[in-house]
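Going in written order, the chains are labelled A, B, C, D, E and F, and every chain counts its residues from 1.
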Amino acid sequence: MSLPPLPKVHHPLLPLELVDKCVGSQIWIIMNNHKEFVGKLIGFDDYVNMVLEDVREIDPQEGETRMSKILLNGNNICMMVPGGDGKWVDG
Amino acid sequence: MSLPPLPKVHHPLLPLELVDKCVGSQIWIIMNNHKEFVGKLIGFDDYVNMVLEDVREIDPQEGETRMSKILLNGNNICMMVPGGDGKWVDG
Amino acid sequence: MSLPPLPKVHHPLLPLELVDKCVGSQIWIIMNNHKEFVGKLIGFDDYVNMVLEDVREIDPQEGETRMSKILLNGNNICMMVPGGDGKWVDG
Amino acid sequence: MSLPPLPKVHHPLLPLELVDKCVGSQIWIIMNNHKEFVGKLIGFDDYVNMVLEDVREIDPQEGETRMSKILLNGNNICMMVPGGDGKWVDG
Amino acid sequence: MSLPPLPKVHHPLLPLELVDKCVGSQIWIIMNNHKEFVGKLIGFDDYVNMVLEDVREIDPQEGETRMSKILLNGNNICMMVPGGDGKWVDG
Amino acid sequence: MSLPPLPKVHHPLLPLELVDKCVGSQIWIIMNNHKEFVGKLIGFDDYVNMVLEDVREIDPQEGETRMSKILLNGNNICMMVPGGDGKWVDG
(Lines give C-alpha, C1' and ligand atoms only; values in the text may rest on other atoms or scores of the structure.)
Protein backbone atom coordinates (compact mmCIF):
# COMPACT_ATOMS: atom_id res chain seq x y z
CA MET A 1 0.00 0.00 0.00
CA SER A 2 1.43 3.33 -0.95
CA LEU A 3 0.89 6.52 0.95
CA PRO A 4 -0.89 9.29 -0.87
CA PRO A 5 1.35 12.12 -2.07
CA LEU A 6 2.03 14.61 0.65
CA PRO A 7 0.63 18.05 0.10
CA LYS A 8 3.27 20.63 -0.71
CA VAL A 9 4.17 21.94 2.70
CA HIS A 10 6.09 24.87 3.93
CA HIS A 11 9.50 23.53 4.89
CA PRO A 12 11.40 26.11 6.89
CA LEU A 13 15.18 26.18 6.64
CA LEU A 14 16.69 25.94 10.09
CA PRO A 15 19.58 28.36 10.73
CA LEU A 16 21.99 25.56 11.69
CA GLU A 17 21.07 23.64 8.52
CA LEU A 18 22.12 26.66 6.51
CA VAL A 19 25.41 26.89 8.39
CA ASP A 20 25.98 23.16 7.93
CA LYS A 21 25.50 23.46 4.16
CA CYS A 22 28.23 26.10 4.11
CA VAL A 23 30.97 23.91 5.60
CA GLY A 24 33.75 23.69 3.03
CA SER A 25 32.57 26.80 1.22
CA GLN A 26 33.33 30.46 1.38
CA ILE A 27 31.22 32.63 3.65
CA TRP A 28 31.14 36.27 4.58
CA ILE A 29 30.79 37.18 8.26
CA ILE A 30 29.95 40.54 9.79
CA MET A 31 30.63 40.78 13.51
CA ASN A 32 28.62 42.80 15.98
CA ASN A 33 31.49 45.26 16.33
CA HIS A 34 31.48 45.78 12.56
CA LYS A 35 34.57 43.67 11.75
CA GLU A 36 34.09 41.70 8.51
CA PHE A 37 35.70 38.47 7.38
CA VAL A 38 35.58 36.31 4.26
CA GLY A 39 36.91 32.75 4.47
CA LYS A 40 36.22 29.06 4.08
CA LEU A 41 34.05 27.65 6.89
CA ILE A 42 35.73 24.52 8.23
CA GLY A 43 33.74 23.93 11.40
CA PHE A 44 31.10 25.24 13.79
CA ASP A 45 29.22 24.21 16.93
CA ASP A 46 25.76 24.66 18.45
CA TYR A 47 26.65 28.14 19.65
CA VAL A 48 27.50 28.99 16.04
CA ASN A 49 31.11 29.54 17.01
CA MET A 50 32.91 29.17 13.67
CA VAL A 51 36.37 28.19 12.43
CA LEU A 52 37.39 29.84 9.17
CA GLU A 53 40.40 29.12 6.95
CA ASP A 54 42.13 31.29 4.34
CA VAL A 55 40.60 34.38 5.85
CA ARG A 56 40.59 37.95 4.64
CA GLU A 57 39.57 40.70 7.02
CA ILE A 58 37.86 43.46 5.10
CA ASP A 59 38.43 46.89 6.52
CA PRO A 60 37.34 49.78 4.34
CA GLN A 61 39.94 52.01 5.93
CA GLU A 62 42.95 49.70 6.23
CA GLY A 63 42.36 47.46 3.18
CA GLU A 64 42.45 43.67 3.13
CA THR A 65 44.58 41.55 5.44
CA ARG A 66 44.94 37.77 5.59
CA MET A 67 45.10 35.04 8.25
CA SER A 68 45.38 31.29 7.78
CA LYS A 69 42.89 30.25 10.44
CA ILE A 70 40.62 31.99 12.96
CA LEU A 71 37.93 31.21 15.51
CA LEU A 72 34.94 33.53 15.64
CA ASN A 73 32.70 33.74 18.73
CA GLY A 74 29.13 32.92 17.68
CA ASN A 75 27.83 35.27 20.35
CA ASN A 76 29.30 38.23 18.58
CA ILE A 77 28.51 37.28 14.99
CA CYS A 78 25.90 39.64 13.57
CA MET A 79 25.27 37.96 10.20
CA MET A 80 26.56 35.33 7.78
CA VAL A 81 26.23 35.47 4.00
CA PRO A 82 26.79 32.10 2.29
CA GLY A 83 29.11 32.40 -0.69
CA GLY A 84 29.54 36.08 0.08
CA ASP A 85 32.75 37.78 -0.90
CA GLY A 86 32.42 40.96 1.07
CA LYS A 87 31.11 42.90 -1.89
CA TRP A 88 27.46 43.83 -1.99
CA VAL A 89 25.46 42.99 -5.08
CA ASP A 90 23.23 45.90 -5.98
CA GLY A 91 19.75 44.77 -6.96
CA MET B 1 -24.71 19.12 26.61
CA SER B 2 -23.06 22.29 25.52
CA LEU B 3 -20.54 24.16 27.52
CA PRO B 4 -21.43 27.68 28.52
CA PRO B 5 -19.68 30.37 26.46
CA LEU B 6 -16.22 31.10 27.75
CA PRO B 7 -15.69 34.53 29.15
CA LYS B 8 -13.57 36.69 26.89
CA VAL B 9 -10.08 36.01 28.17
CA HIS B 10 -6.81 37.67 27.68
CA HIS B 11 -4.86 35.49 25.26
CA PRO B 12 -1.25 36.63 25.11
CA LEU B 13 0.67 36.24 21.85
CA LEU B 14 3.94 34.44 22.48
CA PRO B 15 6.96 35.98 20.72
CA LEU B 16 7.85 32.73 18.93
CA GLU B 17 4.24 32.39 17.72
CA LEU B 18 4.56 35.78 16.10
CA VAL B 19 7.83 34.78 14.44
CA ASP B 20 6.29 31.51 13.27
CA LYS B 21 3.40 33.35 11.63
CA CYS B 22 5.92 35.40 9.66
CA VAL B 23 7.62 32.43 7.95
CA GLY B 24 7.16 32.88 4.23
CA SER B 25 6.44 36.59 4.57
CA GLN B 26 8.47 39.74 4.47
CA ILE B 27 9.85 41.09 7.72
CA TRP B 28 11.96 44.04 8.72
CA ILE B 29 14.84 43.45 11.13
CA ILE B 30 16.86 46.00 13.07
CA MET B 31 20.06 44.64 14.58
CA ASN B 32 21.59 45.77 17.83
CA ASN B 33 24.43 47.45 15.92
CA HIS B 34 21.84 49.44 13.93
CA LYS B 35 22.08 47.42 10.69
CA GLU B 36 18.64 47.00 9.07
CA PHE B 37 17.39 44.29 6.74
CA VAL B 38 14.16 43.59 4.87
CA GLY B 39 13.60 40.11 3.46
CA LYS B 40 11.45 37.00 3.40
CA LEU B 41 11.75 34.90 6.57
CA ILE B 42 12.40 31.30 5.54
CA GLY B 43 13.39 29.78 8.86
CA PHE B 44 14.25 30.37 12.50
CA ASP B 45 15.10 28.45 15.69
CA ASP B 46 14.48 28.73 19.43
CA TYR B 47 17.28 31.28 19.76
CA VAL B 48 15.44 33.38 17.17
CA ASN B 49 18.34 32.99 14.78
CA MET B 50 16.73 33.74 11.41
CA VAL B 51 17.31 32.87 7.76
CA LEU B 52 16.14 35.52 5.30
CA GLU B 53 15.86 35.34 1.51
CA ASP B 54 15.78 38.12 -1.10
CA VAL B 55 17.30 40.53 1.37
CA ARG B 56 17.84 44.26 1.12
CA GLU B 57 20.14 45.95 3.60
CA ILE B 58 18.90 49.43 4.28
CA ASP B 59 21.63 51.90 5.00
CA PRO B 60 20.58 55.55 5.07
CA GLN B 61 24.08 56.59 4.03
CA GLU B 62 25.01 53.97 1.44
CA GLY B 63 21.55 53.22 -0.01
CA GLU B 64 20.07 49.79 -0.55
CA THR B 65 22.08 46.66 -1.30
CA ARG B 66 20.86 43.12 -1.97
CA MET B 67 21.79 39.57 -0.97
CA SER B 68 20.08 36.31 -1.90
CA LYS B 69 20.25 34.64 1.51
CA ILE B 70 21.56 35.53 4.98
CA LEU B 71 21.65 34.17 8.51
CA LEU B 72 21.05 36.63 11.34
CA ASN B 73 22.18 35.89 14.89
CA GLY B 74 19.13 36.05 17.18
CA ASN B 75 21.34 37.30 19.99
CA ASN B 76 22.03 40.50 18.16
CA ILE B 77 18.58 41.18 16.73
CA CYS B 78 17.04 44.23 18.38
CA MET B 79 13.55 44.12 16.85
CA MET B 80 11.42 42.52 14.15
CA VAL B 81 8.54 44.20 12.37
CA PRO B 82 6.21 41.75 10.55
CA GLY B 83 5.42 42.90 7.03
CA GLY B 84 7.72 45.86 7.53
CA ASP B 85 9.44 47.36 4.53
CA GLY B 86 11.99 49.51 6.27
CA LYS B 87 9.87 52.61 5.98
CA TRP B 88 8.14 53.94 9.05
CA VAL B 89 4.42 54.58 8.89
CA ASP B 90 3.64 57.87 10.57
CA GLY B 91 0.53 57.64 12.73
CA MET C 1 -9.21 25.81 63.97
CA SER C 2 -7.86 28.99 62.50
CA LEU C 3 -4.23 29.68 61.87
CA PRO C 4 -2.69 32.58 63.73
CA PRO C 5 -2.17 35.69 61.60
CA LEU C 6 1.03 35.55 59.59
CA PRO C 7 3.65 38.10 60.49
CA LYS C 8 3.99 40.83 57.87
CA VAL C 9 6.68 39.46 55.62
CA HIS C 10 8.80 40.92 52.93
CA HIS C 11 7.24 39.78 49.68
CA PRO C 12 9.57 40.54 46.79
CA LEU C 13 8.07 41.25 43.38
CA LEU C 14 9.57 38.92 40.81
CA PRO C 15 10.55 40.61 37.53
CA LEU C 16 8.40 38.26 35.43
CA GLU C 17 5.41 38.92 37.72
CA LEU C 18 5.75 42.59 36.97
CA VAL C 19 5.91 41.91 33.23
CA ASP C 20 2.89 39.62 33.48
CA LYS C 21 0.87 42.33 35.20
CA CYS C 22 1.60 44.64 32.26
CA VAL C 23 0.08 42.40 29.59
CA GLY C 24 -2.73 44.35 27.97
CA SER C 25 -1.38 47.68 29.18
CA GLN C 26 0.92 50.30 27.82
CA ILE C 27 4.61 50.04 28.61
CA TRP C 28 7.68 52.03 27.75
CA ILE C 29 10.78 50.13 26.61
CA ILE C 30 14.34 51.41 26.29
CA MET C 31 16.64 49.14 24.31
CA ASN C 32 20.32 48.65 24.96
CA ASN C 33 21.15 50.56 21.76
CA HIS C 34 19.07 53.50 23.04
CA LYS C 35 16.01 52.94 20.83
CA GLU C 36 12.78 53.66 22.74
CA PHE C 37 9.29 52.30 22.20
CA VAL C 38 5.88 52.85 23.77
CA GLY C 39 3.13 50.33 23.05
CA LYS C 40 0.65 47.83 24.44
CA LEU C 41 2.30 44.63 25.67
CA ILE C 42 0.44 41.68 24.16
CA GLY C 43 2.80 38.84 25.00
CA PHE C 44 6.20 37.81 26.32
CA ASP C 45 8.21 34.68 27.14
CA ASP C 46 10.75 33.52 29.73
CA TYR C 47 13.55 35.32 27.89
CA VAL C 48 11.48 38.50 28.25
CA ASN C 49 11.14 38.72 24.48
CA MET C 50 8.10 40.95 24.07
CA VAL C 51 5.38 41.54 21.49
CA LEU C 52 4.01 45.10 21.42
CA GLU C 53 1.00 46.47 19.56
CA ASP C 54 0.16 50.06 18.52
CA VAL C 55 3.77 51.04 18.89
CA ARG C 56 5.40 54.45 18.72
CA GLU C 57 9.14 54.67 18.38
CA ILE C 58 10.38 57.74 20.18
CA ASP C 59 13.40 59.32 18.58
CA PRO C 60 14.34 62.73 19.89
CA GLN C 61 15.90 63.62 16.55
CA GLU C 62 13.45 62.12 14.06
CA GLY C 63 10.20 62.49 16.04
CA GLU C 64 7.60 59.81 16.61
CA THR C 65 6.88 57.00 14.18
CA ARG C 66 4.30 54.22 14.42
CA MET C 67 4.11 50.48 13.78
CA SER C 68 1.17 48.15 14.32
CA LYS C 69 3.10 45.24 15.84
CA ILE C 70 6.73 44.48 16.76
CA LEU C 71 8.83 41.83 18.46
CA LEU C 72 11.56 43.04 20.80
CA ASN C 73 14.49 40.79 21.73
CA GLY C 74 14.59 40.43 25.51
CA ASN C 75 18.35 40.15 25.38
CA ASN C 76 18.67 43.69 24.17
CA ILE C 77 16.03 45.34 26.31
CA CYS C 78 17.63 47.66 28.85
CA MET C 79 14.58 48.64 30.89
CA MET C 80 10.79 48.55 30.98
CA VAL C 81 8.57 51.18 32.61
CA PRO C 82 4.99 50.01 33.25
CA GLY C 83 2.44 52.55 32.11
CA GLY C 84 5.25 54.73 30.82
CA ASP C 85 4.58 57.03 27.92
CA GLY C 86 8.10 57.95 27.00
CA LYS C 87 7.99 61.17 28.97
CA TRP C 88 9.84 61.36 32.21
CA VAL C 89 7.95 62.52 35.28
CA ASP C 90 10.09 64.94 37.24
CA GLY C 91 9.91 64.26 40.97
CA MET D 1 28.69 18.29 74.53
CA SER D 2 29.75 21.45 72.78
CA LEU D 3 31.55 21.56 69.50
CA PRO D 4 35.00 23.09 69.49
CA PRO D 5 35.16 26.61 68.05
CA LEU D 6 35.37 26.59 64.28
CA PRO D 7 38.57 27.93 62.80
CA LYS D 8 38.11 31.28 61.17
CA VAL D 9 37.45 30.36 57.57
CA HIS D 10 37.24 32.27 54.40
CA HIS D 11 33.53 32.66 53.71
CA PRO D 12 32.97 34.07 50.23
CA LEU D 13 29.94 36.26 49.67
CA LEU D 14 27.93 34.95 46.73
CA PRO D 15 26.73 37.66 44.33
CA LEU D 16 23.07 36.64 44.69
CA GLU D 17 23.39 36.75 48.49
CA LEU D 18 24.52 40.34 48.20
CA VAL D 19 21.57 41.17 45.95
CA ASP D 20 19.19 39.40 48.32
CA LYS D 21 20.44 41.47 51.26
CA CYS D 22 19.63 44.62 49.31
CA VAL D 23 15.92 43.86 48.85
CA GLY D 24 13.98 46.68 50.50
CA SER D 25 16.97 49.01 50.43
CA GLN D 26 18.27 51.63 48.10
CA ILE D 27 20.75 50.56 45.42
CA TRP D 28 22.60 52.29 42.64
CA ILE D 29 22.69 50.59 39.23
CA ILE D 30 24.90 51.40 36.26
CA MET D 31 23.78 49.80 33.02
CA ASN D 32 26.06 48.60 30.26
CA ASN D 33 24.95 51.48 28.04
CA HIS D 34 25.94 53.93 30.80
CA LYS D 35 22.42 54.71 32.05
CA GLU D 36 22.35 55.06 35.86
CA PHE D 37 19.50 54.53 38.30
CA VAL D 38 19.02 54.88 42.05
CA GLY D 39 15.98 53.23 43.64
CA LYS D 40 14.64 50.75 46.18
CA LEU D 41 15.15 47.13 45.11
CA ILE D 42 11.84 45.32 45.49
CA GLY D 43 12.59 42.08 43.66
CA PHE D 44 15.01 40.14 41.45
CA ASP D 45 15.43 36.71 39.88
CA ASP D 46 18.24 34.29 39.07
CA TYR D 47 19.17 36.26 35.95
CA VAL D 48 19.58 39.30 38.21
CA ASN D 49 16.71 41.03 36.45
CA MET D 50 15.65 43.65 39.01
CA VAL D 51 12.51 45.58 39.91
CA LEU D 52 13.14 49.01 41.42
CA GLU D 53 10.69 51.41 43.05
CA ASP D 54 10.91 55.17 43.58
CA VAL D 55 13.55 55.45 40.92
CA ARG D 56 15.69 58.39 39.88
CA GLU D 57 17.57 58.21 36.60
CA ILE D 58 20.80 60.11 36.92
CA ASP D 59 21.92 61.77 33.73
CA PRO D 60 24.79 64.20 34.06
CA GLN D 61 23.54 66.11 31.03
CA GLU D 62 19.77 66.10 31.54
CA GLY D 63 19.61 66.11 35.35
CA GLU D 64 17.52 63.80 37.52
CA THR D 65 14.20 62.32 36.45
CA ARG D 66 11.85 60.05 38.39
CA MET D 67 9.76 56.93 37.77
CA SER D 68 7.60 55.00 40.23
CA LYS D 69 8.61 51.48 39.13
CA ILE D 70 10.94 49.95 36.54
CA LEU D 71 12.27 46.58 35.44
CA LEU D 72 15.96 46.36 34.59
CA ASN D 73 17.34 43.56 32.41
CA GLY D 74 20.02 41.70 34.37
CA ASN D 75 21.86 40.98 31.14
CA ASN D 76 22.58 44.63 30.62
CA ILE D 77 23.39 45.64 34.18
CA CYS D 78 27.05 46.52 34.52
CA MET D 79 27.29 47.03 38.27
CA MET D 80 25.26 47.43 41.46
CA VAL D 81 26.30 49.48 44.48
CA PRO D 82 24.36 48.65 47.65
CA GLY D 83 23.17 51.76 49.44
CA GLY D 84 24.63 53.86 46.65
CA ASP D 85 23.08 57.20 45.92
CA GLY D 86 24.66 57.94 42.58
CA LYS D 87 27.37 60.07 44.09
CA TRP D 88 30.87 58.70 44.31
CA VAL D 89 32.61 58.80 47.67
CA ASP D 90 36.16 60.00 47.20
CA GLY D 91 38.62 58.00 49.29
CA MET E 1 53.44 -0.39 46.71
CA SER E 2 54.22 3.00 45.32
CA LEU E 3 52.99 4.31 42.01
CA PRO E 4 55.61 5.18 39.42
CA PRO E 5 56.21 8.92 39.02
CA LEU E 6 53.69 10.52 36.72
CA PRO E 7 55.02 11.93 33.49
CA LYS E 8 55.04 15.71 33.45
CA VAL E 9 51.74 16.51 31.85
CA HIS E 10 50.19 19.62 30.56
CA HIS E 11 47.83 20.78 33.27
CA PRO E 12 45.59 23.54 31.99
CA LEU E 13 44.43 26.18 34.44
CA LEU E 14 40.65 26.45 34.34
CA PRO E 15 39.34 30.03 34.33
CA LEU E 16 37.20 29.48 37.44
CA GLU E 17 40.20 28.01 39.29
CA LEU E 18 42.06 31.22 38.61
CA VAL E 19 39.15 33.28 39.89
CA ASP E 20 38.87 31.07 42.96
CA LYS E 21 42.55 31.59 43.78
CA CYS E 22 41.95 35.35 43.75
CA VAL E 23 39.28 35.36 46.48
CA GLY E 24 40.59 37.52 49.31
CA SER E 25 43.09 39.26 47.07
CA GLN E 26 43.15 42.38 44.99
CA ILE E 27 42.12 42.12 41.35
CA TRP E 28 41.77 44.54 38.48
CA ILE E 29 38.64 44.35 36.35
CA ILE E 30 37.99 45.95 32.98
CA MET E 31 34.34 45.96 31.94
CA ASN E 32 33.07 45.64 28.41
CA ASN E 33 32.01 49.29 28.45
CA HIS E 34 35.56 50.28 29.43
CA LYS E 35 34.88 50.98 33.11
CA GLU E 36 37.78 49.80 35.30
CA PHE E 37 37.81 48.74 38.93
CA VAL E 38 40.43 47.63 41.43
CA GLY E 39 39.29 45.92 44.63
CA LYS E 40 39.41 42.86 46.85
CA LEU E 41 37.45 39.92 45.43
CA ILE E 42 35.18 38.59 48.16
CA GLY E 43 32.93 36.28 46.17
CA PHE E 44 31.85 35.05 42.74
CA ASP E 45 29.53 32.51 41.13
CA ASP E 46 29.47 30.25 38.07
CA TYR E 47 28.48 33.15 35.83
CA VAL E 48 31.61 34.94 37.09
CA ASN E 49 29.46 37.62 38.69
CA MET E 50 31.82 39.12 41.27
CA VAL E 51 31.55 40.95 44.58
CA LEU E 52 34.41 43.37 45.28
CA GLU E 53 35.25 45.25 48.48
CA ASP E 54 37.27 48.42 49.02
CA VAL E 55 36.87 49.36 45.40
CA ARG E 56 38.45 52.14 43.40
CA GLU E 57 37.01 53.02 40.02
CA ILE E 58 39.76 54.17 37.73
CA ASP E 59 38.71 56.78 35.25
CA PRO E 60 41.50 58.48 33.33
CA GLN E 61 39.37 61.59 32.94
CA GLU E 62 37.69 61.89 36.32
CA GLY E 63 40.38 60.41 38.55
CA GLU E 64 39.90 57.76 41.21
CA THR E 65 36.71 57.29 43.19
CA ARG E 66 35.93 54.78 45.97
CA MET E 67 33.08 52.49 46.99
CA SER E 68 32.93 50.05 49.89
CA LYS E 69 31.25 47.16 48.06
CA ILE E 70 30.00 46.46 44.54
CA LEU E 71 28.55 43.66 42.44
CA LEU E 72 29.84 43.30 38.89
CA ASN E 73 27.85 41.42 36.24
CA GLY E 74 30.01 38.59 34.87
CA ASN E 75 28.35 38.97 31.49
CA ASN E 76 29.84 42.38 31.03
CA ILE E 77 33.30 41.77 32.45
CA CYS E 78 35.88 41.93 29.69
CA MET E 79 38.99 40.86 31.61
CA MET E 80 40.40 40.24 35.08
CA VAL E 81 44.01 40.75 36.12
CA PRO E 82 44.95 39.00 39.39
CA GLY E 83 46.87 41.29 41.71
CA GLY E 84 46.49 44.10 39.21
CA ASP E 85 46.42 47.63 40.43
CA GLY E 86 45.18 49.39 37.35
CA LYS E 87 48.63 50.36 36.24
CA TRP E 88 50.21 48.53 33.32
CA VAL E 89 53.67 47.07 33.73
CA ASP E 90 55.73 47.80 30.65
CA GLY E 91 57.81 44.80 29.59
CA MET F 1 40.66 -8.96 7.69
CA SER F 2 41.39 -5.37 6.89
CA LEU F 3 38.81 -2.69 6.39
CA PRO F 4 38.67 -1.05 2.99
CA PRO F 5 40.15 2.46 2.89
CA LEU F 6 37.71 5.06 4.04
CA PRO F 7 36.57 7.53 1.45
CA LYS F 8 38.01 10.99 1.97
CA VAL F 9 35.36 12.63 4.07
CA HIS F 10 34.70 16.12 5.12
CA HIS F 11 35.91 16.33 8.72
CA PRO F 12 34.84 19.59 10.28
CA LEU F 13 37.07 21.14 12.90
CA LEU F 14 35.06 21.94 16.01
CA PRO F 15 35.77 25.37 17.52
CA LEU F 16 36.68 23.92 20.94
CA GLU F 17 39.05 21.44 19.28
CA LEU F 18 40.88 24.36 17.74
CA VAL F 19 41.07 26.12 21.10
CA ASP F 20 42.28 22.92 22.76
CA LYS F 21 45.10 22.56 20.23
CA CYS F 22 46.26 26.06 21.15
CA VAL F 23 46.82 25.34 24.86
CA GLY F 24 50.49 25.98 25.58
CA SER F 25 50.92 28.11 22.47
CA GLN F 26 50.70 31.76 21.64
CA ILE F 27 47.35 33.13 20.47
CA TRP F 28 46.05 36.50 19.47
CA ILE F 29 42.70 37.63 20.87
CA ILE F 30 40.52 40.51 19.75
CA MET F 31 37.78 41.44 22.19
CA ASN F 32 34.36 42.75 21.26
CA ASN F 33 35.29 46.18 22.60
CA HIS F 34 38.34 46.21 20.31
CA LYS F 35 40.96 45.45 22.97
CA GLU F 36 43.67 43.09 21.62
CA PHE F 37 45.91 40.68 23.48
CA VAL F 38 48.75 38.31 22.54
CA GLY F 39 49.76 35.65 25.04
CA LYS F 40 50.21 31.97 25.82
CA LEU F 41 46.91 30.15 26.32
CA ILE F 42 47.13 28.15 29.55
CA GLY F 43 43.50 27.18 30.05
CA PHE F 44 39.90 27.58 28.91
CA ASP F 45 36.43 26.25 29.65
CA ASP F 46 33.25 25.42 27.75
CA TYR F 47 32.24 29.08 27.67
CA VAL F 48 35.59 29.77 25.98
CA ASN F 49 36.67 31.85 28.96
CA MET F 50 40.47 31.86 28.60
CA VAL F 51 43.49 32.23 30.84
CA LEU F 52 46.55 33.76 29.15
CA GLU F 53 50.10 34.08 30.44
CA ASP F 54 52.91 36.44 29.42
CA VAL F 55 50.40 38.79 27.87
CA ARG F 56 50.94 41.89 25.78
CA GLU F 57 48.03 44.25 25.23
CA ILE F 58 48.31 45.81 21.81
CA ASP F 59 46.97 49.32 21.63
CA PRO F 60 47.77 51.21 18.44
CA GLN F 61 47.60 54.49 20.34
CA GLU F 62 49.31 53.66 23.63
CA GLY F 63 51.80 51.01 22.42
CA GLU F 64 52.41 47.63 24.00
CA THR F 65 51.92 46.86 27.68
CA ARG F 66 52.51 43.60 29.57
CA MET F 67 50.77 41.53 32.21
CA SER F 68 51.83 38.18 33.68
CA LYS F 69 48.39 36.52 33.73
CA ILE F 70 44.84 37.47 32.74
CA LEU F 71 41.38 35.96 32.47
CA LEU F 72 39.33 36.87 29.41
CA ASN F 73 35.54 36.51 29.40
CA GLY F 74 34.57 34.19 26.52
CA ASN F 75 31.34 36.11 26.08
CA ASN F 76 33.19 39.18 25.01
CA ILE F 77 35.87 37.59 22.84
CA CYS F 78 35.32 38.48 19.21
CA MET F 79 37.99 36.32 17.57
CA MET F 80 41.05 34.16 18.25
CA VAL F 81 43.97 33.72 15.87
CA PRO F 82 46.18 30.69 16.68
CA GLY F 83 49.85 31.57 16.64
CA GLY F 84 48.94 35.16 15.90
CA ASP F 85 51.28 37.90 17.02
CA GLY F 86 49.03 40.88 16.59
CA LYS F 87 50.47 41.77 13.22
CA TRP F 88 48.42 41.14 10.12
CA VAL F 89 49.99 39.25 7.24
CA ASP F 90 49.11 40.93 3.97
CA GLY F 91 48.13 38.43 1.29
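Keep this in mind: a residue touches a chain if its C-beta (ideal position, glycine included) is under 8 Å from a C-beta of that chain, and two chains touch if they have at least 3 such contacts.
Chains and their UniProt names: A, B, C, D, E, F = LSM complex subunit LSM5.
Because the structure is a prediction, the values reported are computed rather than measured.
Chemist: Quick one: compare the interface residues of chain C with those of chain D and tell me same or different, with half as the dividing line.
Modeler: Counting which numbers both chains contribute, under half are shared, so the two copies meet through different residues.
Chemist: Report the inter-centroid distance (CA atoms only) between chain D and chain E in whole Å.
Modeler: Inter-chain centre distance comes to 20 Å.
Chemist: On a C-alpha centroid basis, what's the spacing between chain C and chain F, in Å?
Modeler: 40
Chemist: In chain D, which residues are in touch with two or more of the other chains?
Modeler: 32-33, 75-76, in rising order.
Chemist: Touch as defined at the top gives a ring of chains. Read it off for me starting with chain A, then chain B, then onward.
Modeler: A, B, C, D, E, F
Chemist: For chain D, which residues are in contact with chain C within the complex?
Modeler: For this pair, the touching residues of chain D are 23-24, 31-33, 35, 37, 42-45, 49-51, 56-57, 64-73, 75-76.
Chemist: Could you list, by residue number, the parts of chain C that touch chain D in their complex?
Modeler: Against chain D, the touching part of chain C is residues 10, 12-19, 30, 32-34, 48, 74-82, 84, 88-91.
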